[in-house]
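In the two assemblies presented below, subunit A is common to both, partnered first by subunit B and then by subunit C.
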Partner chain A sequence: MKWIDRNNLPEELKNLPDSSFESLHQEDIKDEKFQTKPVGFFRDAMIRLSKSKVSMISVSCIVLIIILALLVPNITGYSFTEQNLGNKNLPPKIQGLEKLGIADGTRVLENRKKDALSDPDRYPEGSVLEILREFDSKGVAMVDVKVDYYKYVGAEDNRYHWFGTDYLGRDLLTRLFQGTRISLMIAFFSVLTNCFIGVIYGAISGYYGGKVDMILTHVAEVLDGMPYIVVTILFMILFGSGMVSIVLALTITGWIGTSRLIRSQFYRFKGREYVLAARTLGVPDLTLIFRHILPNCVGPLITRVMIAIPGAIFSESFLAYLGLGIKAPNPSIGVLLADGQKVLLQYPYQTLFPAVLISLLMIAFNLFSNGLRDALDPTKRGEE
Partner chain B sequence: MADSQYILEVNNLCQHFTSGHGKKKMTVKAVDDVSFGVRPAETFGLVGESGCGKTTTGRTIIRLYNPTSGEVLFNGRDIASKMNGDLRRYLTDNIAMIFQDPIESLNPKMTIEEIVGEGLKVRGMKDRAEIRQKVIEMLRKVGLVEEHATRYPHEFSGGQRQRIGIARAIIINPKLIIADEPVSALDVSVQAQVINLLNDLKEEMGLTILFIAHNLSVVKYFSDRIGVMYYGHLVEVAKGDDLYRNPLHPYTKALLSAIPEPNPLTERSRVRVDYVPERDHDYSKEQPSMVEVEPEHYVYCSPSELKKWSV
Partner chain C sequence: MKYVLQRIGAMLLTLFLVMTLSFMVIRLMPMSLFENPEVPKEIQEKLEDKFHLNDPLPLQYYYFMEGIVTDLDFGISVKLRPGLEVFDIIVTRLPPTMLINFLSLFISIPLGLIFGTIAALKRNTVVDHVISVFVILFISIPSFVFASLLQYLFTFVWPLFPTLYESTAVTVGQMMHSLVLPIVALSLGPIATLTRYLRGELIENISSEYLLLARTKGLTKTQSIVRHAFRNSMMPITNTLVSLITGIMGGSLVVENMFAVPGTGGLLTKSIFAGDHFLTVAILIFYSAISLVTILVVDLCYGLIDPRVRVGGGK
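After this line comes the complex of A and B, so read on.
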C-alpha cells in the first residue's frame, strides 16, 4: 500500500523545506487560573434552593413550627399534664381577638330550660350573653342560649386557653405543641435509624452484588412482606407504648425503602470510571463505599429523608388513631386527633387545630423535599 | 512469545462475560486468546474498532475484571493469579490506568487535590501539606496551576480533565500506564496536546505505555509497536513502521485504508478497503494461529493464508 509517493506530487509541494512542518504550538501547555470562586456541590445546591420561592416558604413554615414546638409548651403557663376537671372542654379564648367576636370563649347551649337562666348557681352572673331562640316543648319554656362559657363554668377572669381545653381540662395549645415536639422527635429518630440501617444494608448489597446482594435482598423482601400492623402491635405489646417502641416499630420495615434506594444508587455508581480509577489506585472497599460512591447518592438520600419525615409523622398518627399511640398523658399530634375526633361534633376545635398543624407539616415537608430534589439534581449543577 | 525482555507479557488471555442462567445463559467473548508483550519504556498501541475488547483487555490486565483464563506476567510475576493483598499492592504500585471518558473518570464530589492526592493517601502518606505539595507538583507537570487544586471537576474542559487523570495516574510513580483511549473524547487540537504530554512524561519518567485507541492515526504517531484487535482476537502485531509498510491481515488493511491523508492529492485517490471475515477467510479446513512472518511481525492466519499474504 502506498502512502505518500513523492514523485506524484505537483511541483509546488515537492520541495517544501522541513521547517514548514514544525508545530505552530511550541510553548508548553499552561492554563490560566480561573476567575470564578470555587463552588462546592452543597453551596451550589443551596444557591439554587434559595432561589425557589416555594421551598423557602415551606422551609420557613417548618422552622416556625419547630420553634413553636420548642417554645410554646414552656410559655403558656400551663403544663401539658395539668388537669382541671372544672374547666373541661372550654372553647378557645384569645386576648384581643375576643372583642372581635372570634375565639371569645362563648358557646351556644341548646335546649335549656328557660327558668334555670335566673338561677345564679347554674348560670353565674354575666354568663348569659344572648338568648337566640325561645320555644315551647311539651309545655316547658325552652331556650337556645349563647353563654360566656368561661364564666358559665366559673373559671377565673384571667384564664385564657387559646385553643381551648380537652375533656380533662388540659390546655390544648400546650398539648398541641408538646405533641408536635414528640411527633417530630419520633419522626426524626425513626427516619434517622431507618437511614442508618438502610444505607449500610443497601451499600453492602449494592457494592458487593452477586450472591451477597441476592441473600440480602431476599431477607429484606421477607421482612417487607410481613403485615406491618401486626408486627407493630406485637412490638407494642412486647415493649409497651413508649417512644422507643414506636420508633422501633416504624423502623422494622421503614429502612427497606432506603436500602433499596441506596442499593440501586450503588449499582449505578460502582461501575463508573472514577470508581474504577480509585480501585486501580488501590483504594480499599470501605473508602470506595463511603468516600467515592455514597457522597454521590446524597442527593436522592436527602430527598428521601425529607419525604420520610412527614410519612413517619403520619404513621405515628395512624398508630395513635388505632390506640397504639404514645402512652398517656403524653400527647402527640396523632393522640390529639384521636381524642378530638371522639367529640368532633360537640367540640370541633379540638380536632381542627391538630388537623391544621399536621396538614401544614405534611405540605411543607413535601414541598420542601420537592424543592430539595430539584436543587440537588446533579444535572442542574452550576445553573443559576 | 515467552521472552524475558518484556515488562508486560500477556499469554492466551481470555475474558468471557456471561449473563443469565440455564438456557438463557449467554457468553460474550470480549477477549479471546490474546497474547502480546510490551518492552520496558516502549509504547505499545492497541487498536481496533469500537467493541472489539480493547478496554476489556486493559481492565483485565489491571485486574478490574478477573480473567477467565490465561496468564499475565509483569516483570516475570504472574498478576492474573488469585487476588490477595500482596498482589493487589504489587499491581497498584506498578500499573496505573488512564480512562476513556474525561467526564466520567473524575469524581464530581471531590476536589482536584483529593482526586490526584488519593493515590498518595492510600499509600499511607498522612501529612496534608506534603500531599498538597506533591499534588501541586504533578499539576504543574501536566500544565495546570496550583489554584486548580481546590476546584471541582465540572469546572474543567475535557482536555484539562484528561490531564488531571494523567496526574492522578503518574503521582504514584507507576512503571506501566494503561491509557484507555485517553484522547478519543477530545477535540483534535487538544488530542495532540494530551498525547505530547504523555510522550514527554514517558521520556521524563521512563514509563511504559499500553496505549489503547480505535484510531490508527493516533497510534501511528505515538507507538513503537502496534497490536490490531478484531472481535476479541489480536489479528496482527508489528512495529509501527512495518505495519504501515506491509500490513498483512485484511482487517489491518481495512483499518489503514480508513485513515484520511493530509495530502489532498493522494487523499483523492485513497481507496477504502472493507473487511468481511466470511469472505476474507476460510477457516473451515484449517485453524488460524499467531505466526511470526518476519521478525517482530506477527499475524493471525491459517497456513494457506500465510502463503498467500506473505508473497
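After this line comes the complex of A and C, so read on.
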C-alpha cells in the first residue's frame, strides 16, 4: 500500500493493533530473518584476516614483542646505560634454566696455566667447575677449564643477566628491548612521515593531473633514480647520527612509493560518477580529495605501511652497521647486532639474541602484511 | 634509439644530482684537515688553493664538478691514507667488490628462476610449501644476519672456510675460497625474492586464457609454458632485477666489512668512521655510477625482451 501518503492517514488508521490484520499468506514463511548486522568493507577484511592462522600468529608475535619492548627495560632492574666494567661480557644466566645446564653462566677458558687454578685471587672459591683437558705446552702444565664465570669475575651471587652483558658490562636483555623500542619507533615515525608526504604529493599529482602531474612525477622519478643507499648515507652524514636524522634520511626517497600508489588510485577514482556528482553539487577540491577519493586508497595504503615497517627496521640496522646509527649510549637492534658482530666468535650470544629478535620481527611483519593484503584485496589472494 | 638516449640522459641527470649532494656533504661538514691548527700555515694555504676554498661556493662547486668530469679527480684521502689520490685507492679496492656483487647476482638469477618455476609448476604441493617457507625466511632475514650465522657456523663450528678474507690470496681459486660465505649470504635474499615474484607471475600466466589457447592449438604443456607463460613472466621480473641489484650492492657494503674483504664496502665503513669525507663521497659516487649503469643495462634488456617497450617510448 505504498501509494497512500502516510502523513495524511486518518487518525484511527494510524494505531491499528496487529490483531486486526490477517496474513494473506497461508503457510509458514520459510525465509529467515537476517540475524547479522550488515558488514562493511573493513569489517569484512578483518573477518577474513582473523580467519587466517598465519596472520593471527604473526600479529600476536608483533604484539608480544611490542609489549616486551615496553615492559622489559623497566623491570629488569638494570638500566640500559648502566656500565659495570667488572662484569663485562658475562654469559647468559637465567634462574631455573641454570640447573638444566643451559644459560648457567659458565664458560670454558682455554690454555690456562694449571698452577694458577689454586690461586684464589685468580680463581675465586668455587669458580672452577670442571677441568676439561690437561696438556703440556713447552714444559708448562696447561688446562682448558670450565668456570662459573659469574663467580670467576667476582659478581654477586644474586646477579642474573638473562642475555649476558656486553663489552661495557651492560645488561643485554635491557638493552635489547630498549633497542627494540627505539627501532620500532624509528620504523613507525619514518613510515608515518613517508605516508604523510606520499599521500599529499600523490593526491595533488593524481587529482590535478595534466601539467602539475607531469612536473611532480618527473621530480619524483629523478629522486627515485638515485640509489637509495647512497642518498641515505649521504644524508646521514649531513644530518649527523641520531633518531631524527635516521627518520629524515629514510624519508628522503621513501615517500615516492606511497605517492605513486596514491596517484594511481586517484587516477582510478577521480573520473567516477560519484565524484562528478559531488563536484556538480559544489564540493570544493580539498573535500573531494580527502573526503571522497582518499578513503578508496586506505586499503592499499595500510598494506603498504605494513610492508614498509620491516623495511625501515632493516634500513636502521644497515645504517648502524655502517656506523651511522643511533647515538652512542642508546641501543637499537642494529647497533646491538653491529656490536655483537665484532665479538661474534668469542661471545656468539651477543649476536644471537638481537639476530633472533630482528628475524622474528621481520618475518612476523612480512607474514602479517601478506595476510593483510589478501584480506583487503581478496582478488589477489595467493598470488604472493 | 631514442629510448636508449632517454635512459642515458636520465642516468646522467641522476648522477649529477648525486654529485651535487656529495659536494654539499663535503663542503658543509666540518673538516679537521682545513681547520687543524697543527698543520703549518703554508701547507694549509696550499691546501686551500688546491681545493679553492677561497673562492665563492658556486665556483668551488664548478671546480669540484670539473675535477671529477675531466680528470676523475675526487680529491685526496685525508685520514685513512693521507695524501693518496682517492681515485687510486678505490681502483685497487674495486675488484673483490665487483667479484662479490656480480657473482651473487649471477648465482641468484638462475637459482631464483629455477625455484620459482618449480614452485609454480608444483603449486600447492609439499614442494611448493617448503619453497614458500624458505622464501619467507630468506626475504625477511637481513643479509647481515645470515652473514653472522654463516660466519659462526662455517668458520668456527665447522671450519670449512676462513673467518676473514685471506689477504695472501692471489689466485682466483684462493680468492673464491674466501669469498664463498659473503657471496652465499648476499645471494639468499635475492634468490627468495626472485622465486616469489616468478612463482606469482607464472601462476597467473599459466591459468590465463591465452595459455589455454596455446594448448588447444596443439602445443604441449612444456612448449606452451616455455614459449608463452615464461616469456610473459619475464617482463615484470626484469623490473624486480633493479631492486635486486641495489639490494645486493647495499648488502655487500656491510657483508664485505664483516668478512674483512679488501673491497670498497669495508673502505666505506672505515672512511665514515674516520670522517674521511672525500673518500666516502667518492665511493658513493662510484656506487651510484655502477648501480646506474647496471640498471641501464637492465632497462635495455627490458626493451629486448618486450618489443612493446622498444616501439612505444612516447605516448
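By definition in this document, the second predicted complex is superposed on the first by the 327 of 384 C-alpha atoms of A that agree within 3 Å, B and C clash if a C-alpha of one lies under 4 Å from a C-alpha of the other, contacts with A are read in each partner's own complex, and residues count from 1 in each chain.
We take it that a contact is a pair of C-beta atoms (placed from the backbone, for glycine too) under 8 Å apart; a residue touches a chain by one contact, two chains touch by 3 or more.
The structure displayed is predicted, hence computed values, not measured ones.
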First, second, both or neither for A:345, with subunit B first and subunit C second: second
Which of subunit B and subunit C A:281 touches, first, second, both or neither: first
Which superposed partner A:100 touches (first subunit B, second subunit C, both, neither): neither
Contacts of A:358 with subunit B and subunit C, given as first, second, both or neither: second
Subunit B versus subunit C as contact partner of A:314, first or second or both or neither: second
Touched partner set for A:366, first subunit B, second subunit C, both or neither: second
Where subunit A meets both subunit C and subunit B, residue numbers: 382
Complex contacts: residues of subunit B adjacent to subunit A: 59, 62, 64, 88-89, 91-93, 95-97, 99-101, 104-111, 115, 118-119, 122-123, 143-145, 147-148, 150-152, 154-155, 160, 163, 165, 168, 172, 192-193, 197, 244, 247, 253, 256-257, 261, 263, 265-266
Touching residues on subunit C, where the partner in the complex is subunit A: 10-11, 13-14, 17-18, 21-22, 24-25, 28-29, 132, 136-137, 139-142, 144-145, 148-149, 151-152, 155-156, 163, 196, 199-200, 203-204, 246, 249-250, 253-254, 257-258, 268-269, 272-273, 277, 280-281, 284, 287-288, 291-292
For the subunit A and subunit C complex, residues of the former touching the latter: 221-222, 225-231, 233-235, 237-238, 310, 314, 317-318, 321-324, 337, 340-341, 344-345, 348, 351, 355, 358-359, 362-363, 365-367, 382-384
Residues of subunit A touching subunit B in the complex: 1-5, 8-10, 13, 23, 25, 28-34, 36, 38-41, 272-284, 287, 292, 295-296, 378, 381-382
